[in-house]
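Take this structure first; my questions come after.
Letters A, B and C mark the chains as written, and numbering starts fresh at 1 in each.
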Amino acid sequence: MNLSKELSTRQESARHAAAKDYTEYFSFSRKSSTVVILIAILVVIGYFIWWLNIPFIEDIFTAGTITLIMALGFQLFMGNSGVLNWSYVGYVGIGAFASAIFSMTPSFKAMQIPTMYPFLVNLHLPFPVALVAGAMVAMIVAALVAWPLMRLSDAVGAITQFALLIVINVLLSQWSQITNGPRTFTLGGTRLTSLWVALGVAVLVIIIVYYFKESSLGLKLRATRDDRYAARSSGINFVAVRYYAYVVSAFIGGLAGGLYSHYILSITAASFYMGELFMILSMLVIGGSMSVSGAFFGTLFVTLMRQFLRQAENFLTRSGFEASGSTEIVVAVLMIIFLVWQADGITGGEELTWEKIKRRLPNGKKSREKVSKNVKQEEKA
Amino acid sequence: MNAEILFEFVINVLSMGSLYALISLGLVFVFGICQLVNYAYGEYITVSGYVLYFLGVFTNLPWPVVFLLGILAGVAIGFFSELVAFRPFRERSLDALLVTSFAVSIILQRLFQLGISPRSKAVPVPAFFNLNIQLFGVITPLRNLLIIGTTIVLLTVLVLIMKYTTLGIAMRGASENFVTARLMGVPANLMISAAFIISGLLAGVVAIFWSARTGSVEPMMGGTPLLIGFIAVVIGGMHSLPGSVLGGYVYAFISNVLSLTLPSSLLSFRDAFMFAIVIAFLVLKPEGLLRGNYQEERVG
Amino acid sequence: MNNNPVLQISDLYVAYGSILALHGVCMEVHKGELVSICGVNGAGKSTVLKAIAGVLKPRSGSIRFKGKEVAGYKPEQLHKMGMALVPEGREIFPSLTVEENLRIGAYGRRLDKSFAADLEDLFNLFPILKERYHQAGGLLSGGEQQMLAIARGLISKPDLLMLDEPSLGLSPALVDQIFELIIELKSRNITILLVEQNAQRALAIADRAYLFANGRVEYSGQPQELMGNVDITSVYLGHNGGDV
């Protein structure tokens, strides 16, 4: 149904183009408004926080933005394909370790991780290149293993992805020639992921994820989500479309991982396991997994809530109550509540567009009239 | 000498395999009836483990009573988690159920950390559990033989229930075709509750032997048995009760063989090897060693 | 025919998601009647049975069974009240033996002497089931599976037996057998609601008939009238009223 809605909107816009209804393009009601709105919100908040210049709040924003990138990459595959992708945080981990290894100086690596393979020790790339190279590693791993897994759906698919996450986790936590094994991996040096770096990447990723969803590949993928068999009978090779999305998703995950490791500066394999997975899953569920806006507002909402709860938790602990860990409980309960009563999240699985904002504005009556006028014009055409 | 090594290997495989068989059976009972891969199953074991710990440390109850109450705790958590968390999703998508079970698992883990302690607690174990027995020249703790015996008894009882009681026959029917079973008057809620109760009961039995083996309980202890259950279920077949039992023993066999044959430098990667085998199984043979009669939706 | 119908449906609306499948259906079945529902594919025949049996929840309207309002009841509750649906495509439990299939059909019944007597009676109707008693249902032939499905419905001694396309996918000889069986059941005064695409055959044995089209009752009344009416048969049932 989503698909048919989508197709009809497309036909509609084609009709508009034919009618040379230029006002439609300038009136901001076309789909690109979503990207502009999301980026605007992010940049405005980022600029304001940078202007405030309070390190504590800046840190929260930077970490939140990295999480946003993670959630967007997660949404790109899971939201559009409907396949639960437990292995995603594994790629975040791969990107985190790989980009760190690329960017660290050889002398520091030799000192920190004496067991490391010599050819890795001598590798040294500037931070931006290391970031992209780390994401490429995650993407290549995904590209190598994913093809046979894309056929599987439902319970079998879920267990497979889960097993893959465990394999990646065991490798990250045991392969001491690369990751320092179960010990903490320290990057050294200064924090390279600044507020602006995270923000810049996030803007890029919003654009990528949004236009992926709107592309013909994204449309095909969403068609397989709505009805796998119908999509297949219309000639969509669902294994292939899932595969491409999975690989792109792994790239964005790797990017987020690289930003994360250069932000937090010391990582272990355990940072990229069930806890992280649960966090981004809760963001997607609460925001609405089917839309980019859902991932965006889910991240915003959960990040703010977690910060608030964390403070409350610290306060309680200081006052003598043992409360650490209660944040996750609240988030988990909230997630279940959303699944029961609002399964499509706060966005209802739809994108935030300029049209919708206009309708909510106090003088919304006017714009509603405009909309109905537009509808009438359409009917004439 | 060689015969002794072989015999030790056999006892290890049988005792580990019995434990794993019970774990995977607990998962498959729920999966068969409502197609739910229950991530919270590991926490059922944890709940039972903590009850064993509290009763063992703070009371002087005799061991059989402690064990019985521990098993009842597993039954209770299985029953109530279904009632509170899973029942509202019955009509919804499987993914929603899956995500919910994941959330329930997280909630229970955090509750243990918060309410009890994030650190592990030593569980008292009855002395006869660790009594060393010499059998055909092999020395093994008695609990290894007890788990084998317990499994035989439990499996026999379960087979009798599933084959000869109306409830058991109805459960088998419901796991093949839930809607038709309901049309024949089989109550949906009873079937699902029964599946979760049996699942919790098995988790309770597993908790006794698991905590006896590790000697402690901690909030995250459910993770490992859950993963073992996943592997065993996948190997044996997700839609077959006998398959899941077989899967438990096959897993114990593979894992013991890997322990004996892998060079020590690779031993820490054993789990990675296990799960790679699981993935290969799922890709090449999604129905497992024994396939049930449920028609899995699969497009290839 | 007394005034209290076993089943009375009024103004029933049923939807799959947002697509409406039944638009205000009204119908009734009296005790001892054999009522047949005919119509082409997608007319809503199976949908109405599923709604009556509680598999589909009606959007609005009323379903009264033995005088009680039952719209929105669960399938298992309705079965307990005396409804039995023999589903389309037989839907027997393949890995369960014939015996076990019948025991699920008798769910909620005590396995006492009267049960044994009913079972014996069923074996007279379906001797093949006695032969195959300990075989897995999935190993039976299509016709045998249909017998088992009907027997599984009968063993609960229903006040209303609903048959959904019982002749579907069976060879002509077996179709004859199934219709003979339905006549036999009718002679035993069992109330039957029969959905069939094979309209000619169904109308020949029915007391009354409803003709469905596009989710509505297009015609209801005596089967002879329906068969006699060339317009209706050609428009709604295909040229010669289904295959003969």
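Everything that follows uses one rule, which is that contacts are C-beta pairs under 8 Å (C-beta built on N, C-alpha and C of every residue); 3 or more make two chains touch, one makes a residue touch a chain.
Because the structure is predicted, anything quoted here is derived from the model rather than measured.
J.: Taking the touch definition from the header, please name the shape of the chain graph: line, ring, star, complete or other.
T.: line
J.: Where the centre of all protein Cα atoms falls, which chain's Cα centre is nearest to that point?
T.: The chain sitting closest to the overall C-alpha centre is B.
J.: Counting in whole Å, what is the centre-to-centre distance of chain B and chain C, each centre being its mean C-alpha position?
T.: Those two chain centres are 42 Å apart.
J.: Between chain A and chain B, what distance separates the C-alpha centroids? Give it in angstrom.
T.: 34
J.: Report the inter-chain centroid distance for chain A and chain C in whole angstrom, where each centroid is the mean of the CA atoms.
T.: Each chain's C-alpha centroid was found; their separation is 52 Å.
J.: Note the residues in chain B that touch 2 or more other chains, in rising order.
T.: none
J.: Enumerate the contact residues on chain B facing chain A in the complex.
T.: 31, 35, 37, 85, 88-89, 92-96, 98-100, 102-104, 106-107, 110-111, 113-114, 118, 227, 230-231, 233-234, 238, 268-269, 271-272, 275-276, 278-279, 282-283, 286, 296-300
J.: Under the stated contact criterion, what part of chain C meets chain B in this complex?
T.: Residue list for chain C touching chain B: 53, 55, 74-76, 79-80, 84-85, 87, 91, 93-96, 100-101, 103-105, 107-108, 111, 138, 152, 156.
J.: Give the list of chain B residues in touch with chain C in this complex.
T.: Against chain C, the touching part of chain B is residues 166, 169-170, 172-173, 176-177, 179-188, 292-293.
J.: With touch defined as at the start, can you tell me which chain A residues reach chain B in the complex?
T.: Touch residues, chain A against chain B: 82, 84, 148-149, 151-156, 158-160, 162-164, 166-167, 170-171, 174-175, 228-229, 232, 238, 274, 278, 281-282, 285, 322-326, 328-329, 332-333, 335-336, 339-340, 343.
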